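In the two complexes below, subunit A is the common chain; its partner is subunit B in one and subunit C in the other.
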Partner chain A sequence: MDLVLQLLFTGIGIGAVYALVALGFVLIFRATNVVNFAQGEFSMVAAYLMVVFSVDLGWPYWLSFLIALAGMALFGVIFNLGVYYPLRHRTYLPVIIATIGASILLSNSVLAIYGPQPQVLQGWFDTPGIQLGPVYLDSQYLLIIGVTILLVLFNFWFFERTLLGKKLQATSQDKEMASLLGISVSTMIMITFIYSAVLGGLAGILVAPVLFVSIQMGSTIALKAFAATIIGGFGDVAGAIVGGLALGVIETFGAAYISVPYKDGFAFLVLIAFLVFRPQGIFGERVAEKA
Partner chain B sequence: MSASDNMIPAPAVRSKPLIIRHLPYFIGAAALVALAAGMQFDGYILNILLQATTFSIAVFGLSVVLGLCGQINLAQAAFFGFGAYAVGLGTADLHLNFWLCLVGGCAITLVAGAVLGMSTLRLGGHYLAMVTISFQQIVTLVMINAIWLTHGPDGVANIRRPELFQSSQSYLAFCVAMLAIVGYLVWHLPDTKLGRAMRAVRDNELAAGVNGIDVFRTKVSAFGLCALLGGLAGGLFAGGFAYVSPDQFSFAESIQFLTMSLLGGVASPIGSVIGTGLLILIPEWLRFLKSVPGLYLAIYGLSVILIIRFMPDGIWGFVSDAFTRWRAHTNAPPVAGALLLRPATTGGDIVLEVTGLSKHFGGLKAVDGVDIAVKRGSVHALIGPNGSGKTTTLNVLSGLYKATAGKIVLDGTDITSMAPHQRTAAGLGRTFQNIRLFRSMTALENVEIGAERPGNTMIGKGDDALTERAMEALTFVGLGNRANELISSFSYGHQRLIEIARALASNPTLLLLDEPAAGLNSTEKLELHELLKRIAAQGLTILIIDHDMTLVSEAAQHITVLNFGRRIADGESMAVLRHPDVVSAYLGSE
Partner chain C sequence: MKLTRREFSAGLAAGLAAPALMRSAWAQGATIKIGMCVPVTGPAAEQGLWAQNGAKLALAAVNKAGGVLGKQVELVIEDDQTTNPGIVLAFSKLAAQSDIVAFLGSIRSTQVQAMAPDVIKVGKPVMIGGTNPDLTHSGNPWLFRFRPNDNYSGRVIADFGVNTLGKKKWAIVHSTDAFGTAGGKALTEALTKLGAPPVLDQGYANQSQDFTPVVLAVKQSGADVLGTYFTFENDLGIFARQLRQLGVNIPWVGSPSVVAVSSTKLAGPALFGTYGVADFAEDSSDTAKAFGKSYRDAYKTAPDNQSAWPYDAITILSAAINKAGSTDPNKIRDAILATQKFAGAEGEYNFDKNGDGLHGYNVVKNDKGKIVYDKHIDFND
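Let's look at the complex of A and B:
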């Protein structure tokens, strides 16, 4: 029982990271109708930025954190202008392929610069964790869960309560109509990419002390996050969060009770099961093209 | 069907048998094989050639799935690995015959590809991309961790070749021969029934469905075929290099295959060979770049972005596109006879009987308990103000939406729960309000896909009969002399006519026309009216939706009026148009 509780905590912690990246996926998908296959690399790039500022340059952790996030915002701008924007009038296939190309470019550029050895990044807190009854609560996991809860609340407030959030929603639902109402669609898409890059970057920085900082971390996280969005229901914000948490828990239990080397395979099996039996996911999906 | 390229048929040389028209290809291929067998290469060159040959076959697979069918596969290296490990483990560990292992490996990859495709291809392309990436990762995990089976990271050594091709030189010649054969089949594929179906699915899935193509099966076939070619290539690769290990079949390799395909041109096997050759040779020339890990893949990633943006058709696409456009205007299409329409007459006096048809979207009752009876040989109009449920009705009739309740009987056959392509096979033809043609094809090819409807009794055997039927239909709508032009060069009104020709070529029992006059100018409307008269004169039953009251009242003998999803009037045209409910629905009541 103690082990179960401990695994549950760890699972939710790692699931929160998947949820954050999945959220980034969903936001870009809703704004552009395109899945960004380089979403995981956003996390990877941010983690390496942290390594540059905090480890290599030795700047204070909080300062490195802020600069890394600012860097991610800039990165979102560059990504949009370089990869998505020139292809915005084409079908989804070229855009997908371009984002895959971007993902390969990013991870291997970092590999060329930093080499294949994983880097180590300190956690935010000096205390490693606290013992609460039978369960040991790792401080970094606590931080991840806390930040995720805050971000979900912020997300809700931002999209439902602010004018900018509503403009973004309007753009994702009907670009033509939104532009006729005086909303600058390209600005809205730009904001989405920035927000999504910061979100993905935040997830990467938070998870870096738990995993290692490596070039593979991006694709691993992206794969799980994508599986999470399908499990939750494609394009659904709540679905991304629930799916991410569920996947983290499933994977942690799978690794503990079934097999460690195949840990990364469980996400795929769950994904296939959902595709076959419930492709619309837990929360359903809007389907069908209009004839 | 056609001769020397995959876009434009060349009817002038059609009469010669296929084997003679393609003789130059086989002579060239034989010369290459002889060259590979006869030239003395040193080991280094031999290895590069062997790699280029086997990789090209794997990239052919991508040209089928991505180029022809418009579906993505990011796990081609995994399928390549399946074939390689089948030959590797089979010949080295189990001491089985090489050919048996090669065939077995191909069978395994075909099944794996088809099953993977079946799990995902009903959903959108994003799912396919991510699922194939996941699959690729899993295969790599298994190759590394299932040591009892795969020897893990150590890989498989001492892989044997067939008795017949023991020397590297003769094995290379054998691989070149395989490349030539597979290349021929892939090159010819777009002009077969399956290939046309794939192109139709790529261009417009909805239209493919209502023209009698089983979209899902076509996609699964393309995906299975791609995997099969990957497996074959992998098997040949394993025999060639005698050693395989998991890192040769990783995600990075899948990306390399994709880059090769995109660079050369995804639509053609020639492009595949160009792309593969370049991406194998360039890294050999620039070996010093290999010392930095990741640099090559980073360059590939950047190339993918740049190619997609600036050269979406690849090197070969760029070359052949100019050639194709030039050819289109030099080819005179063949002269065609008169189009004959012989609608099937198995049922009774009523061709289409719709009873209690409903379609609800959540709480919205878009169509609510509608009855329609279309008499054989008549022109029947379905009218109603905007939002009255006309197009929804048509979409339920053609199977794009599932009916919430009710029954649809076409010529004695209950089609209520059939898929769109099955309804088409049962005798339904339709056009779309917002034109849905296959944009990368010529007018003739579009109409051929219509003529190819399963159950079309008006075409004989063979491709010539198909072309003839399509030409007749195009000539019938007045566009026979422009048959070999691409869709993009036709005006909006002409595109509408091509859509009608596509439906007519299939010799339907019932023709559904969705607002055919929308967007036409007054001359075009008159022409359309004439066309409808000529169609009706051959006894084809038509159900037409339109706003144009002049057209409807003159063309249709019978009118059904919908409003708010319900039928508010039904009967002979003039009586219906004077009906007070109809007048108030259109003009408002006092």
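Let's look at the complex of A and C:
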């Protein structure tokens, strides 16, 4: 039983990381109908910003955190203007390829500036964790889980209860209709990119003390997060969270009880099973092909 | 001006001969080229940088001492992207340049395995750092190893743990790539020979974000000592931290990555008190100390095995070409194999017929973040 609880805690912790990145995927997909393959690099860039401010410049952790997130907001603007906006009238394919290109450009730029050595970033708390009976709770994972819960509540409130959230929803559902109603579609898409960049950045900063700061930190998480969005139902906010958590728990238990070397295999096995038997994901609606 | 027939033919002959003459003059004035496949990008880009540093340091020393066959030596670097297809591509790009006389391959066994068939086709010496024993034992005459192979690391880890620490209940954790699998196997064999077969043999896939299941397996096995073969330092860092967090504090003797500079930095206190076999230990010999000093002077950081083996490879290769007196691949091969009692940064090189230069390891300890030399264990067979 102790073992199960310990595995459950880590599974949820790592799942929450996937969920945070998956959320960024989903928001951009809803707004623009394209998958942003540079989402993982958003996390990586933010983690490096955090290293620059808090480690290299020695600024206080909370200040570095705020500046890094502000930096990510700006980054979202630049990404939107540089990658999405020029291609917005084209089909989804050039945009997706542009995001892949951006992802390669970002990781190699950071490599060129910062060098290949992984960096250490301290956690938010001084205490590494709490021993709760037989289970060890890593403080950084606790923080990640807490932030994920808050974000779920925030997203619900933001998209369902605020005018801006509703405008964003309207834009994602039908751009023409939204613009007929006087909503500025490009502003809404800009806001979505900013929000996704900040979310991805938040994930990166939170996970950095656990996984270290490295060039490839984003891509490994993003691959799982992408699987999580498909499991949850592409384009669904709740689906991204549930998919991420499910993936984290499934791979942790699969590793512990079946095989450690095939840990990543379980995640993708679940993904394949969903693609075959329930392609719309847990929360997705069945999209009927129109004749 | 009138041109006589004789002048015309002389001019024509000179004109025709000029490119050939120029080429031979250019070739004599040119450099001796050594190709190097090294990760410039990808997960091991960090280690690739250290390898380049080590090679360049040796190159500078060789060139300062007059170069090779009276020419300066030049390093041609190609990015292997830390992947198997990457190194195959990098090697074929280098091999296409016919004036490259020898190559430096990878420290990663899996990459050496990937490029090995092409190495046979090209038929020129390739210096490697990969430690999977099979690499030099599969009948490929062109691979020369500048680090002790895993048969020795496994035997040294087992010997040190069983005879020096007195521990017999072993848990083995290893990567499932070529390096980790071969290492885990060698350690299991060595332990079985010493009468202490492992109670747990646990593989993991590279770039895992979480090691909780592995740590719990170690904990449940009841082992009193841990032996590891980790390929990537950030995997090792995550594992080490989770190991300590979940309360596993048994002695730990691991492959070289446990005592690598970057692991020590990443994992911090989680690695205090661990032992590692290290092909390179700065305090193990005068040559190693001298290498350490010049590396520090040049790069302001401590060297480790990632930079020590390319340093030795360039040094010994240059000496071998000088001794061979030619860049003929077969003559270079014979000269490398004839290298005996050569003091390198990694240890004393005594090449055997397989192309293995080193036959033992240093055991070092992480003493509160400082890597200190403990003892050297060498085997004669």
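As a working rule, the second predicted complex is superposed on the first by the 272 of 291 C-alpha atoms of A that agree within 3 Å, B and C clash if a C-alpha of one lies under 4 Å from a C-alpha of the other, contacts with A are read in each partner's own complex, and residues count from 1 in each chain.
In this section, contacts are C-beta pairs under 8 Å (C-beta built on N, C-alpha and C of every residue); 3 or more make two chains touch, one makes a residue touch a chain.
Every value quoted in this text rests on a predicted model; they were computed, and no experiment measured them.
In the superposition on chain A, A:221 contacts subunit C only, with no contact to subunit B. Of the two partner chains, neither subunit B nor subunit C is touched by A:163.
In the superposed three-chain model, the partner touching more residues of subunit A is B, compared with the other of subunit B and subunit C. Applying the stated contact rule after C-alpha superposition, one finds that A:83 touches subunit B and leaves subunit C untouched. Looking at the shared chain after the overlay, A:116 reaches both subunit B and subunit C. By the touch criterion stated above, A:108 is placed in contact with subunit B and with subunit C alike. When the shared chain is aligned, no partner comes close enough to touch A:180: not subunit B, not subunit C. Looking at the shared chain after the overlay, A:261 reaches both subunit B and subunit C. Shared contact residues of subunit A with subunit B and subunit C: 108, 111, 115-116, 215, 261-262, 264. Listing the residues of subunit B that touch subunit A in their complex gives 70, 72, 74, 119-120, 122-127, 129-131, 133-135, 137-138, 141, 145, 206, 251-252, 255, 258, 262, 292-298, 300-305, 308-309, 312, 391, 394-395, 400-401, 432. Within the complex formed with subunit A, the subunit C residues making contact are 41-43, 45-46, 48-49, 176, 202-205, 207-210, 212-214, 216-217, 220, 233-234, 237-238, 245-247, 262, 265-266, 268. By the touch criterion given at the top, residues 3, 6-7, 10, 14, 17, 108, 111, 115-118, 120, 128-129, 136, 138, 210-212, 214-216, 220-221, 252, 255-256, 260-264 of subunit A touch subunit C in their complex. Residues of subunit A that touch subunit B in their complex: 29, 34-35, 37, 82-83, 86-87, 90, 92-94, 96-98, 100-112, 115-116, 215, 219, 223, 226-227, 230, 234, 261-262, 264-265, 267-268, 271-272, 275-276, 279, 288-289, 291.
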